[in-house]
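Pasting the structures in now, so scroll down.
Next come two complexes built around chain A: one with chain B, the other with chain C.
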Partner chain A sequence: MVNRRDAIKKNKLVSSMKGEGTLLVLLVVLILFPFVMSFITGTGMNEGVTKFWQGQLIIFFIMAVFAMSYDLLMGFGGILSFGHAASFGGGAYTFALLMKHVVPPITHNYRITIGSVNITDAIVLIVVFLVVLLVSILIGLLFAATSIRLKGAYFAMLTLALGSAMHMLVKATDFHKWTGADEGLHGVPVPVWLNPTQNRLTVYFVSLAFLIICYLLMKRMVNSPTGRVIIANRENEDRMRMIGYNPVTYRTIAFVSASIFAGFAGALYSIWNTSATPTMVSAVMTVNALIITILGGMGTLVGAILGAAIMQVISQFFYTWFGARWPLVFGVLFILIVMFLPYGIIGTWRMKKHDLKQFFEQGKRIIAQKKTLNQEEEA
Partner chain B sequence: MKPKRKKLITTLLVAVAVIAVIAGLYLYAGKEPFIRTTLSGLTLGSLFFMVAAGLSLIFGLMDVLNFAHGALFMLGAYMGWQLYTNPTFIFGMLPTVTAFTCGVLVSPVIKPFLIRWELPEQWQKTLPKIAYVLAIVLLILAFLNFNIMELASTAMVAATTTMVGNPLAEITPQEPLAQFWYRPVLLIISGLLVAFASSKPGVKTEFAPKEDLLKKAVPSILLFALTIIATLFRESAPIAILLMNGNLRFLIAIFVAVAFGFMFGALIEITLIRPLYVRPFFIVLMTLGLSFVIRELVQLLWDPLAYQMVRPPLFAQSGKAASLLEWLQNGNATINISGVTFPTYRLFVILLGFLMFVIVTIIMTKSRLGMIIRAGVQDPQMVEALGINVKRVFTFVFAFGVALATLGGIGAGPFLPIQPLMGDQFQMLGFITVVIGGMGSYVGAFVGAIILGMGRAFGDYFALKLSLSPAVSEASTVIIMVIVLLIKPQGLFGKKE
Partner chain C sequence: MTKDIILEAKSLTKAFGSLVAVDDVSIAIQAKTMHAIIGPNGAGKTTLFNLLSGVLPPTKGEVFYKGENITSLPPYKRAHLGIGRSYQITNIFPNLSVIENVRLAAQAKGKDNFKLFRKVDDFHEYVNKAYEVIGIVDLAGRANDFARDLTHGEKRKLELGIMLACDPELLLFDEPTAGMSSDQVPELISIINQIVQQRERTAILVEHRMDVVMSISDVVTVMNQGRILAEGAPSDIANNQQVQTAYLGDLYGELA
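Entry: the complex of A and B
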C-alpha cells in the first residue's frame, strides 16, 4: 500500500513537473536569450538588434502580467470589467508622479546611509512601490464597491464609465502642471541601474523575474481555497451563497489582487517607457488585455502569457506583412477565433489533448492487436 | 401607502424638481444663453438618443451589449455621405451585393426538396463542403480585378472640390457593361451554391414543409429583378442622382443609410451573432471584433481622413431666417429663435431625434411586432412558449437597432466631421444613456439622452462662465450616471430584477 501511495505521489510530482516542463525550458531560453542573441549577431549586450529584441520581450513580459491579472478577473472570477486599465494606468501614473514630483526634492535634501553605503535610492524606490500598492488596492476596492449593487451588463457599463472617468481625470487640463494632461508625463527620472536605455539588460531581468513571480503567485492563488471559491463564484453565485460564502468578499479579493498585479505591471511599464501617457488608462488598454486573454484562452494563466507573446509578434510583423491596415486582418482573425476557438489556443489544446491521446492510444492498440494476430498466425 | 399614490407623489415630486431646476437655470443664465444652451443640449440629446435607442432595444430583448454600435453609426454616416457626394461607389457595388443575396435567399425555396433527396450518408457531409468551396472560388473569381478602391477613392476628389459648379465633373468611369456582366452572374451562382449547401441536402432530421413556396420565393425574385436593373443602370444612375436637387439627394441618402443599416444588421445577426447565443459572453467579444473590422474596412476604402459633408441646400444659404417659414422658403443656414441665432441644421437634428422617438413609440405600442418585443423584454421564455418565432424577432430587432444607428449617423453627417472614429464617443455616451434610462426601455433612452445632452451643454456653459475646467461637461455624464445608479440601480425606467 505504502509503495503504491508513494508511486501515486511520485506520479503526481512527475505530472506536475511535466506541466511546467515546457515553461521551465522556455524560462531557460528567455534567460539565455540576450547572451545567445548577442553572441550570434556579434552585437554588444546594449546595442543593435539584441537591445531591440530585449525591449520587445520586456513589453511582452509586462503585457503578459497585465493580461494574467485580467484573466484572474474575467477567466477565473467571471467578472467582465471594462475598466481594468484604470489599475494599470493608476500604477503607471502613481509611479511616474512620485518619481517626477515628489522624489527629487527628497533625495536632494536627505540622505540615508548604512555605514558609507548610500541607500536613499533603494529606500525611496521601495516606498514608491508601496504607494503604488496602496493606490492599486484603493482602485481595486473602488471597482469592487460598484459590483456590490450591480450585476451583468450594468456592472460592465459602470466599469467602463469608471475607467473613462479615470481617463478624463488623467487628461484634465486642470492638472497640467502635474500630469501633463494630453501629452502625459515624460522623462520620469528612473535610477540609473533601472534605466532602460543605459541598462536594458537589468530591466530585462527585472521584468522577467516580475513575470515569473507574478505567474507563481497567481497560480498559487488560483489553486488555493480562496481561488477555488472565486472560481465557484463564476460558476454559480447563488449556490455559493447558499453554502455560506459571501460572494461580495470573494469578488473584492479577486478585484483587489487583480488590481495589485495590474498596478505593478503599470509601474514597470512606466519605468520601461520612462513616461506615463493617457493611453495607458484608456479603454484601448483594457481591450488589448481582453483580446490577449481570449487569444490564449480564458481561465488559463499560461494562455494569457501565450496570448501576449502572439500579440507582440503580431504587432511586430503584421505591419510589414499587411501594411498600415493590419488591424483588419487581425480583426478578422479575432472574429474567427471567437467563432471557432472560443476557449482560446490553450483552452482548445487542453480540451483536444485528451482526444488526441485517445486517438493515439487507439492506434497503438490496433497495431498491438494486429501484431498479436500476426504472431498467432505465424504460430 | 398605496403604490398608486406613491407613484403619483414621486411623479409630482420629480416634475416639481425638474421645473425648479429649469427655472433656476433660466433665472441664473438669463433668457438668451438659456435658450442657446438648451437648444445645443437638445441637439446632443437627439444624437445620443439615436445611438442609445438601438442599443437599448437590442440589449433589452437579446441581452447583447453591442460594442459595434458606434462603428455602425459611423458606417451609416459614410454610406449616406457616399450616396450624397459619390453615388458611383454605392451603385457600382449594388449589383454584386444583390446578386449574391438573391442567390442565398433561394434557400427556403429549395430546402423542402433538397432534404427529401435520397443521398448516401457520406455525400451528405461532403456535398455541402464541395459546394462551399466552389462558392468561395466563384466569389473570388467574381471580384477578381474589380477595382473597389477606385470606386471609393472618387470620394476624396469629391471632398476636396466644391459642389457649387458642375457636380458631374467628379464622376469616374466604371467598367463597361460588356466587361462587367459576368460578375453578377458568377455571384448569383455562388449564392445558389451557398443556399444549396446551407439547406443540408439529404439530411432527414431537418424540417421544412412544402407549403407557401411561392411566398418564400418572392424576396429572391424581387432581388433578381433588382440585380438586373442595378446592373443595367449602374453607370447612368449616379449621374441621375448627382443631377438631382440636393435636398432630394439628402433624403435619398437618409433612406439608403437606413436600408443599408437594416440589411447589414440582419446579416450580422444571422451569420455572426446567432451561432453565439449559446455562449452569451462571446457575443460581446464578437461585436468588439466586428467594430475593429468595420473601422479598418472604412479606413481601407476611404483612408483615415476626416471629411466634411456638404450641407444640403435647405441648410446652406447664408443669411439668417427670421422665422421657420422664411427658412423653408430660402434655406438659410441659421435661424432666429427668440433672439438667438441657431444653425438650422441642428434644428433639423433635433426634429429628427424627436421624429425617431415618435416612430419608435408608434412601432412599439401600436404594432403587433412592438407588442412582441415588449413582451420579449419582460419575459423571452414566455413569448417563445406562446409559439412566436423568437429567432426572427431577434433578427428584426437587431436590424432595427442598427438601422436606427445608421440613421443617426447620416443625421449627424453634415455637421460632424465624417471620420472612422466618429462613432466611438457616441457609443460610450449611448451606453451611459442606456444605463441611466434602464436597459430595454426606449422611453428611458429618450429621457436619459436628453438629460445627458443637457448635462453636457450646461456643463460647457458653466465651465465657460465660471472659468472651470472643460472636463466638467465630460465628467457630468459620469456623475449623472453614478447618481442615477445609486438611487435606482436598474435605471430610471428599467424593470426590476
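Entry: the complex of A and C
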C-alpha cells in the first residue's frame, strides 16, 4: 500500500510538473510578447499596434483575476453570487475616490523622503491599496452575511439585489460631487510611472505579475485544508455540517478572499482606465465573469484564465467583424459551447483526456497490427 | 449507574404542524452498547435521529450527552463532542475522490482547518488516518475514484468510513443496510461490528432487517407512532406480544 501511495504521489508530481511547464512557456511568451511584437511590426514600444495589443492583454490579465476570484466562489465553493461586481467596482471606486479626492491635497502639502529620494507616491499608493483591501473585506463580509440563512435561488436573488444596490449607490446623483454619478470618475491621477498612456509597458508587467501572483495564491488556497472544506461546501453542505464544519465560517472565508482578489483587480482596472465607472459595479460585470468561468470550465483556475483570454480576443475580432451587434453572434457561440463542452474547455478536456489517449493508442495499435500483417504478407 | 449513560433524551417531542412525529420520548443509551431502534415505517425513528444529531430542533424536551445539555447545539458542534452519524439516504461528497471524502472527515476535528496557504498533502496525519479508515471499510482499492462512481454497496461503506474518520465515541447509524441486497449485508454488518466493538464505542442503530437487529444489538427499543412501545434485550423483544402485533407480525411469533 505504501508503494501504491508513492506511485500516486510520483504520478501527481509528474503531471503537476508538466502543467507548470506549459504555464512557464506561456509566461515566457507573455513576457517577450511586447518586444517581439515591436520587432515584427517595427512600431515602438509605446505606439501603434504594439501599444494596442499590450492594452488588450492588460485587460485580459485583470479580467482573468476577476474571473478566477469568481470561480473561487462558484466553481470551488458552489456559491452562485450575482453581486460579485460589487467587490470589483468597490475596489475600483475606492482607488479612484482616494486618488482623486484624498491623495492630491496630501501630496501637495507633505513630502516623505528617505535621504534625497522622494517616496511620497509609493507610500501613498501602498496606503490606498490597504484601504482597497479593507473595503474588499467589508464587502465580502456583507455578502457572506446574506448567505447565513438563505440558499439557492433566494440567495442568488439577494446577491443580485445587493449588487444592484451598490450599482445605484455609485450612480446616485446625491454624491455627484465625489463619484460623478452616471458618468463616473474620470481623469484619476495616477503616478507617472504607472500611467497607462505614458508608460504602458510598466502597467503591462505590473498586471502580468498581478495575474501570476493571484493565480499562485488561489491555486495554493484551493489545495489547502481550508480550500478543501470550501469545496466540500459545494459538494454537500449537510454532510459537511455533520462531520464537524460550520458551513457559514467557510463560506465567509470564500467570500472574503474572493472579494479581496476582485477588489485588487478592480483597483488595477481603475489604474488602466484612469477612471471608475458604474459599469464596473453593474451586473453586466458579474455576468462577464460568469460567462468566462463557464467558457473555461468551472472549478478550474486555468479555465478562468483561458476563458478570459478567449473573451478578450473574441470581443475584439467580433466587434470588427459584426459591429456593435457582436454579442448576438457571441450568444449563439456561447450556447454551442455550453451544449458541446458542458464542463467548459478545460473541464471537458480534463474529463476526456483519458478517453482521447485511449482512442489514439488504440489507433496506433491498429496501425501497427496492419503494418506487421503487411510485412508478413510480403514475406 | 448514570455515569455509564452516554446519551440521554428527556421527553423529546417533535411536531410538524399537527403531525407529532416523536411524542414524549425518553431514552437512555448505555455507554459501550449497541442500541437498536426499530419500528414500522413512520414510527418516528429517523426524526428521533435528527433530534439526537441536532439536524432538527425539538419542539419540547432535552438531550444530554455525557451529562451536558446539548439540546441547542448545532450539528457541527455535536460532531466535535464526538457524535457521528451516517445517513439512510447516501450522503457523501459525490465529485470528490473516495480518499478525499474520508480525509475531509479526518481533518474536521484537527486544528489545521484554517491554514489557507499550506498544502493538504503536507498534513500526513489526516491522509494516513484516511487510508487507515478506507482499509477498515474495505475501499482501499477505490481510493482515487470519484465517490459518485461507486456502487451502491460501496457508497454505503464510504458513508460509514466518513463517520468513522471523525473518530466519534457515539455512532448513530441510520439504516446502514438501506437498499443493499441480502448478500451484501453480512459484510457491512461485520464492518459495523468491528467499528463498534474493537474500539469500544457506543452505537445507536436504526434498522429494518430483523435478523441484523436481533443478532448484533444489546438493547432494542421499539417505536410505534412516535412513542416507545417496548425496550429490552433482543430475545425479550422478540417474545413481547405487544411488539409482535405492532411490528414483527407472525414471522417472529412463529420463531419464538
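Everything that follows uses one rule, which is that the second predicted complex is superposed on the first by the 347 of 379 C-alpha atoms of A that agree within 3 Å, B and C clash if a C-alpha of one lies under 4 Å from a C-alpha of the other, contacts with A are read in each partner's own complex, and residues count from 1 in each chain.
Here, a contact is a pair of C-beta atoms (placed from the backbone, for glycine too) under 8 Å apart; a residue touches a chain by one contact, two chains touch by 3 or more.
Everything numeric in this text was worked out from a predicted model, so none of it was measured.
If you stack the two complexes on chain A, which partner ends up touching A:174: first (chain B), second (chain C), both, or neither?
In the superposition, A:174 touches chain B alone.
For A:158, is the partner it touches chain B (first), chain C (second), both, or none of the two (neither)?
Touch partner of A:158: chain B, not chain C.
Of the two partner chains, chain B (first) and chain C (second), which one does A:236 touch, if any: first, second, both, or neither?
Touch partner of A:236: chain C, not chain B.
Looking at A:294, would you say it contacts chain B, chain C, both, or neither? Reply first, second, both or neither.
first
Determine, under the contact definition given at the top, whether A:223 touches first (chain B), second (chain C), both, or neither.
second
Does the superposition put A:90 against chain B (first), chain C (second), both, or neither?
A:90: touches no partner chain.
On chain A, what residues does chain B touch that chain C touches as well?
Overlap of chain B and chain C footprints on chain A: empty.
Which of the residues in chain A end up touching chain B in this complex?
Per the touch definition, chain A meets chain B at residues 80, 149-151, 153-154, 156-158, 160-162, 164-165, 168-169, 171-174, 287, 290, 294, 325, 327-328, 330-332, 334-335, 338-339, 342.
How about chain A: which of its residues touch chain C in the complex?
1, 5, 8-9, 217, 220-221, 223-229, 231-232, 235-236, 238-246, 253, 257
Considering only the defined contacts, which chain C positions touch chain A in the complex?
Spelled out, the residues of chain C in touch with chain A are 53, 55, 74-76, 79-80, 84-85, 87, 91-96, 100, 103-105, 107-109, 112-121, 123, 131, 135, 140, 144, 162-163, 165-166.
Which positions of chain B touch chain A when the two form their complex?
Result: residues 59, 63, 65, 272, 275-276, 279, 281-282, 284-286, 288-290, 292-293, 295-297, 299-300, 428, 431-432, 434-435, 439, 469-471, 474-475, 477-478, 481-482, 485, 489-491, 497 of chain B touch chain A.
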